[in-house]
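Both complexes below contain chain A, partnered by chain B and then by chain C.
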Partner chain A sequence: MTTQFKVLERNHPRVDAHDKVTGRAAYASDVYLPGMLACKLLPSTRNHARIVRLDISKAASHPGVRCVITGTDFPDIRYGSGALRDRYVMPREVVNFVGEPIAAVAADDEATAQEAIELIEVEYEDLPSVVNPLTAIGSDAATVHPELEEYEGYGFTLGHNVSTLLDADRGDVDQAFRDADVVVEDVYRSQGINQGFLEPMACVADVEANGRLVVYASTQGPYQIRAALAGVLEVPVSRIRVVPMELGGGFGAKLRLAFEAFPALLAMKTGRPVKLVNTREEVFTMNGPRLPVTNYIRSGVMRDGTITAREAYTIFDVGAYLGAGPNSGIGHGIGAYRVPNFRLRSYGVYTNKIYVGSYRASGVADMTFAVESHMDRIAHEIGMDPYDLRVKNALREGDVSVSGAVVPTNGLMETLEAIKEKIDWPRDLEDGHGVGLALCEWRSGSGPSTASISVNDDGTVSLLTGSVDISGSDTSLAAIAAEALGIPMDQVVVAKRDTDLAPYTGQSGGSRIVYSQGTAVQRAAEDTVQKLVALAAERLGVPEEALDCEDGRVYVMDNEPQGLTFAQLAAASITSRGGPIIGTASLSSMPYTPVFAAQAAEVKVDRKTGQVRLLRYIQAQDVGTPINPMAVEGQLDGGVVQGIGRALTEDQQFDPETGAVRNPSFASYLMPLAIDLPELENVLINVPAPDGPFGARAVAEPPGFGPPAAIANAVYDAVGVRIKELPLSGERVLSALNGQNADIDFDVDALRRAEGIAAD
Partner chain B sequence: MKQPLNLNINGENRLMLVEPYYSLLDCLRDEAQLTGAKKGCDEGDCGACTVLMDGKPVTSCLVLAHSAHDAAITTIEGLAGVDGLSPVQKAFVEHGGLQCGFCIPGLIMSATGFLQDNPDPTEEDVRFAIGGNLCRCTGYQRVVEAVMAAAQEIRETR
Partner chain C sequence: MARFDYLEPQSLDEALGMLEKHGANSRLVAGSTDFLVRWRTGVWRPEIVVCMQHVPGLDGLHFNDDDGLSIGAMTTVQDIEQNSIVRSRYPALAAGATAFAGVQVRNLATVVGNVCNASPAGDTLPALLAYDAQCRIVGSNGERWLPLTEVFVGPGQTALAAGEIMTEIRLPTPPPNSGGLYIKHSPRGAMDISAVGAASVVSIGSDGNCASVRIALGAVAPTPMRAFGAEGRLVGQPPTDDNVAESARLAAQASRPIADVRSGAEYRREIAQVLAERTLRHAADTAVGGVADFDDIRRLAVQTTW
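Here is the complex of A and B:
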């Protein structure tokens, strides 16, 4: 790759690579403190019940047990993951899902803590419950939160189990449907998905002699954990320090407060460090996964392939609590296409099962499965090539996105063309072989971002940001700083940080760190350069305009030998008027920058078993300027494999009566292994983003969106059956091949009526 | 009741007092303060706790500590010598075969054990060799590339 850059667009090993390959990288579960106690949790065995009796006396007097807490040991304060405060950190009277922790024990070791857990006596009085969201949305279903309308942050009055309703409308959608040549209507269903991070939830809490709480956490959002802890413990934010340890995968699951309050309160009560590490079963049964999504989608289309109308009603099961904030699926009901008239609705519906959590652009993979399967259905209905249909309707620069923002320059068309060439579309394959396409869209993440750069005595710099590295972002941020300062990568030290040391920043999630935090780093570097130049001007006795900064040196443009190195300037700064040099930057939001990706799958379907074998998977994504191409491709590979798991094998199952997670282990929740995958093929399209550091776009979310639809479309191409429910297991495909492929029941008219829209 | 246990860990004899129910993994992490091997599931499903026991990769969460009495255990901490990283470690760094890193000690130990037996593998051989190691970040693509590169270096430096 030819490049205008000195540091960017080149492969850089991760700054933390040596720590990680030698086993030195310290994760929260690797924290061992003197006198540390072990914490274990008691899960609820009911999905909706009043706790009549909770007797901890035997547990508390068990030898080696130092403290036992229940919900009433916490202040009587509800909190929420978004604006809606719908839960207690530990239930006080009522449990809402099987697995919900109702007591915590701190003991000398884990085995003793577990013995004590088994000594706690609980009596429940069952309450009516509901598990299926399509039932829960009806008026005669049991109510999950009878006091919902009194909760702080509740803003809807549409139904007793509806936590949120998001909507988006444009044009005259009903007229557009009447004028359409063809109307295509589908219902899709996607399954529950576990984030599958390898490092279980873990936390060590300690109380300093001065009473300050220190929390060593496995988190994507140290400042957000600090704020949430302050709220539920009624402790000032300033009395809490959160130390984000190395993060062993989160993918959204570790964006918010999880179980940190339990060891924190136990540490406050015992005065000793307390460690909580979830078992894998606890990760599956206590910590919010993605829950099933049902998606009604209807389009009005003209004979030439122009899509003129779109209606989508999406039901997001949110489980017992709105653990992920309002879902982000709503904006994706039209996909990466220009649709002049639409009505989009997404409902968050409470049920008595584990609460919903975030996962790699929550909801968008579900929406993309529906939208991109539906695109192929439209193509089939009007007799048009699916590729041509996508090209015809794809968003162009200047179009208006669902949110109302104008689409800036982008590489969407280039991604489609790259995929077409790579898979040699259209292919005429033998029976049982097929290819399928999907188009994915996302935006570069925004949010509060800060950076600080200080110049060291030897002319190197220390870079301080508050963001947790979940994707190799520390390496990318170092590269951005190096490029902007004109120094090599190895002269940037990325500081280890915690909430005391680093400036406030938003969570690491939604593909925002390189784009937003990276911009803050770039600006902080520019601020640093500006200060170095000002100091050099003072010392050299020349105007700033006469100076340039390159290769770690500020020099006079007309007389290059006359100049000062960063090291000389650092030394000079100590006695200068301005003092030691620190460059800083701060920003709150970034302009809308879309990210587009086209993907293609090639499969072989065994007609005898229904087994789908993935032969090739190709993705072409517009990544803008690739800051560190090796890391960019790593994100593409990892994301797409998560999508392949979602397409073919992963399936978080729930008991239809109790809502309990039925497969809480890696042996029963099947994530892809190396042997399940073909070689992954990537094409990087590089249309620089108008904003963002050196033209970089976000990368990590879209790769996981496409595989369910691309593979479902390939299965259709291979054997002529349209599967509308995930995963595309052998059993499901075989049933479809045998003609047992029933459409999914969904009463969309009831939802239309609820908001006064006449049914067709 | 804790009982004496002798292990040779990374070339050093260690005599410890360990509960009879302790796994080798708990023994390494809690008693020997070697936290490189990770507890991802404690059920033998994820492979993050893989170490070499008498040269063979084992999931240390499924090995009772006392059943490893007098065995030679190699953990991730024992791979890098004074002259630097092992060929497998080096290849993971250079090829970007790691992201969050939690599965990496296990993957590197599986690959190291495998390459001792088969330093000239096909890509498919490698995929099978690491077939017991879950990784959620990398999609395995760069992991496989790294192991293939390490194999080549091992062959060339023999």
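Here is the complex of A and C:
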């Protein structure tokens, strides 16, 4: 590859590769402290009930048990992870889902803690409950949160079971539908999804002799955990230190407070370190997954394929609590297209099942399944090639996005063209084989980002950021620093961080680390260079403008031998007026930078069993400048595999009566294996971003959006059945092949009427 | 995560003595792959675990034409999957073994353990039924032989009495000109529990008709089951597509599937018919004309689309 860069656009092994492969990398469960106790949790067995009696006396007196806590041991403070403060860290009076932790034990060892858990006596008084969100939204359904209107939050609530309603409108949508040549209407449903990270939650809490709480956690958001712990424990933020350990995957599930408050309070009460390592079953039943989404979508289309109107009503099941903002998908009801008139509505609906959590651009994969399936339906209805329909309506530079931002330069068309060429579209295939497309869009993630760089005695630099490493982000940040400083990668030391050491930063998630955090690193490096140059100018007795910085050395442009290395400058800095050299940068937000990706699937469908086999999967994504191409491809592969699981096998099932998770293990919640996957084909399109470090765009989220729709479209191409519900299981496809493909029942008129919009 | 004491008998007699002494508080384990899961989730809480790993003489896997295949109690699923005699003479069993979990689990799990666990979905079980397996069961009062069809009495339940140990499974030598296959239907290509499994073994007589037919189904009844009626329909008949289809229909009809997180009941019945038909077809086609290549067997056993 030809490149203008010295470090970027080249493959770099991860800076932590040796630690990871030799097993030296320390995860939260690897933390062992003297006198450490083990913690276990008691889950609720009811999905909506008042706790009439919670008797911990037998557990507390069990030999080896040091402390038992219940909800009333915590301060009487509601907290929230999403738009509302709608929960207690541990329920005080009422449980809202099966699996909700209602007590925690600290004991000398795990087996003793578990014995004590089983000695806790609970009596419940059942309350009316509701599990299906489409039932819950109706006025005669049981109410999950009778006190909803008292909750503090920043969204607005509609009361009853609707926690949040977001809307977006443009133009005269009703007139546009009346003027359209063709109107296409669909309802799609996507399933509950577990994030499927490898490392279950783990945490060790310790109280220092001075009373400060130290929490070692598996987290994407150490500062966010610190803030949440401060809230629920009524302890000042400054009295808490959160140490993020190596992260064994999170995908959004570890953005916020999980179970850290339980060992923390137990440590505060016992004065001893307390460790909680969750089981996989606890991850499945206690920590928020994504929940089912029902999506009504309607489009007005002209005969030439121009989409003139779009209406989308989306019901996000949020379970018992808003564990995450449920509605981030709302703008994605349009997709990567220019649609002049639209009405988009996104409801977050409470039900008595496990609360909703975050997962790799929460909600967008659900929206993309609906929108991109719907695009193929439109193409079919008007007799247009699905590829041509996408090209015709795709966003161009200068268009206004749903959020109102102007679309800057981008590689959307290049991604479509790359896919078309790779899959050889349109193609005639043998019976049972099919090809399908999907177009994905996302934006590069923003949010508070900070970095500091100090120059070491030997001329190397130490890079400190508050961002937890995910998917090799430390390596990419080191590469950005090296490029900006003009030194090799191995001259950058990436410091381990915690909330005491590093400056505040946002969470590692939402495709923001390389784009936003990377920008902070680039600016900190530039600040460092500027200080090195200033010092060199002082020592060499030349003006700064006469100097250049390259290969770890500042030199006089007209007289290259005259210069000072970083090591010499570091030594000089110690006695200089300015002192040791530290470059810093801090920023709060970044401009809107879209990310586009086109994807294609080729499948074979077994007509007798309905089983879908994926033969090829191709994705082309505009990644801008690929900082570390190997890492970029890793992100593309990982994301698309998660999307393939969502399309074909993953299905978090809930008991229709109790809402309990029916398949809380990897033996019954099926993520794809290598044997289930074809060779994944990636095309990196590089249209440099106007902002972002060295033209890099975000990478992480879009790969996972496309597979459900691309594969559903390919199944339609293969055997002529349109599956509108995920996953595309053999059972579902065979039913459709047998003519039993019922439309999903969804009363959109009731929602329109509630807003005073006349039904058509 | 209940505590237990772990015992390692050094002989069969010692093992029998331990089971007699501790009775219902004890549990016998071989590869422990089923045990660990159930112990960790609290389903099984024995006070004593008796492990067969160090009992000598139970790891044998022997074949001769007169006695057939002898599978010792400690023979692992991987031993079976890798064995060239199994692959050539008992291809349906090789298919069942290769469809079983993944390599790491196969290296620990034993075939006899798979039988004694008596899951309706056990991947080696339909093939063992289709090869007329006989089981040697040893107790303090001596030994007895029981046909495998009589071993399964319910989900997770066997005809073994308290204190008895299954030490060997024997499969008679298949008739000449035999073919067989097991197909596992599951959403994933490995590390999955079958939604439906079917094994068929067919031998073709000199007249070109089916001389013997065995059809066994997994995960569609409380126990792995033989489809005797469906077999009878095909015996003495030529293996035409129509005859095979009719036999497969009868096999599915005899099933009694349930709905669970993996599948609906009706879908299971439909798939049972498809798999019975495909395994019968393959068995009849390969009965005459040589040994199927193992890579083909593996592909057919776990391949999800035809």
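Here is the rule we go by: the second predicted complex is superposed on the first by the 753 of 760 C-alpha atoms of A that agree within 3 Å, B and C clash if a C-alpha of one lies under 4 Å from a C-alpha of the other, contacts with A are read in each partner's own complex, and residues count from 1 in each chain.
What we mean here is this: contacts are C-beta pairs under 8 Å (C-beta built on N, C-alpha and C of every residue); 3 or more make two chains touch, one makes a residue touch a chain.
Every value quoted in this text rests on a predicted model; they were computed, and no experiment measured them.
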item	value
First, second, both or neither for A:Ile675, with chain B first and chain C second	both
Which superposed partner A:Val277 touches (first chain B, second chain C, both, neither)	first
Of chain C and chain B, partner touching more chain A residues	B
Which of chain B and chain C A:Pro34 touches, first, second, both or neither	neither
Touching partner for A:Leu247 - first (chain B), second (chain C), both, neither	first
First, second, both or neither for A:Met630, with chain B first and chain C second	first
Touched partner set for A:Ala667, first chain B, second chain C, both or neither	both
Chain B versus chain C as contact partner of A:Leu648, first or second or both or neither	second
Which of chain B and chain C A:Lys604 touches, first, second, both or neither	second
Chain B versus chain C as contact partner of A:Arg613, first or second or both or neither	second
Touching both chain C and chain B, counted on chain A across the two superposed complexes	111, 667, 672-673, 675
Sites on chain B touched by chain A in the complex	19, 21, 29-30, 33-43, 45-46, 48, 75-77, 79-80, 85, 89, 92-96, 98-105, 108, 123, 126-128, 130-144
Residue ranges of chain A in contact with chain B within the complex	11, 13-14, 16-27, 29-30, 32, 111, 195-200, 246-249, 251, 277, 279-280, 470-472, 630-631, 633-634, 637-642, 665-667, 671-675, 677, 679-680
Residue numbers on chain A that touch chain C, as the complex places them	110-111, 114, 281, 432, 604-606, 608-609, 611-613, 648-649, 653, 662-663, 667-668, 670, 672-673, 675-676, 729-731, 734-735
Of chain C, residues touching chain A in the complex	1-3, 37, 41, 185, 187-193, 261-264, 267, 270-271, 274, 302-306
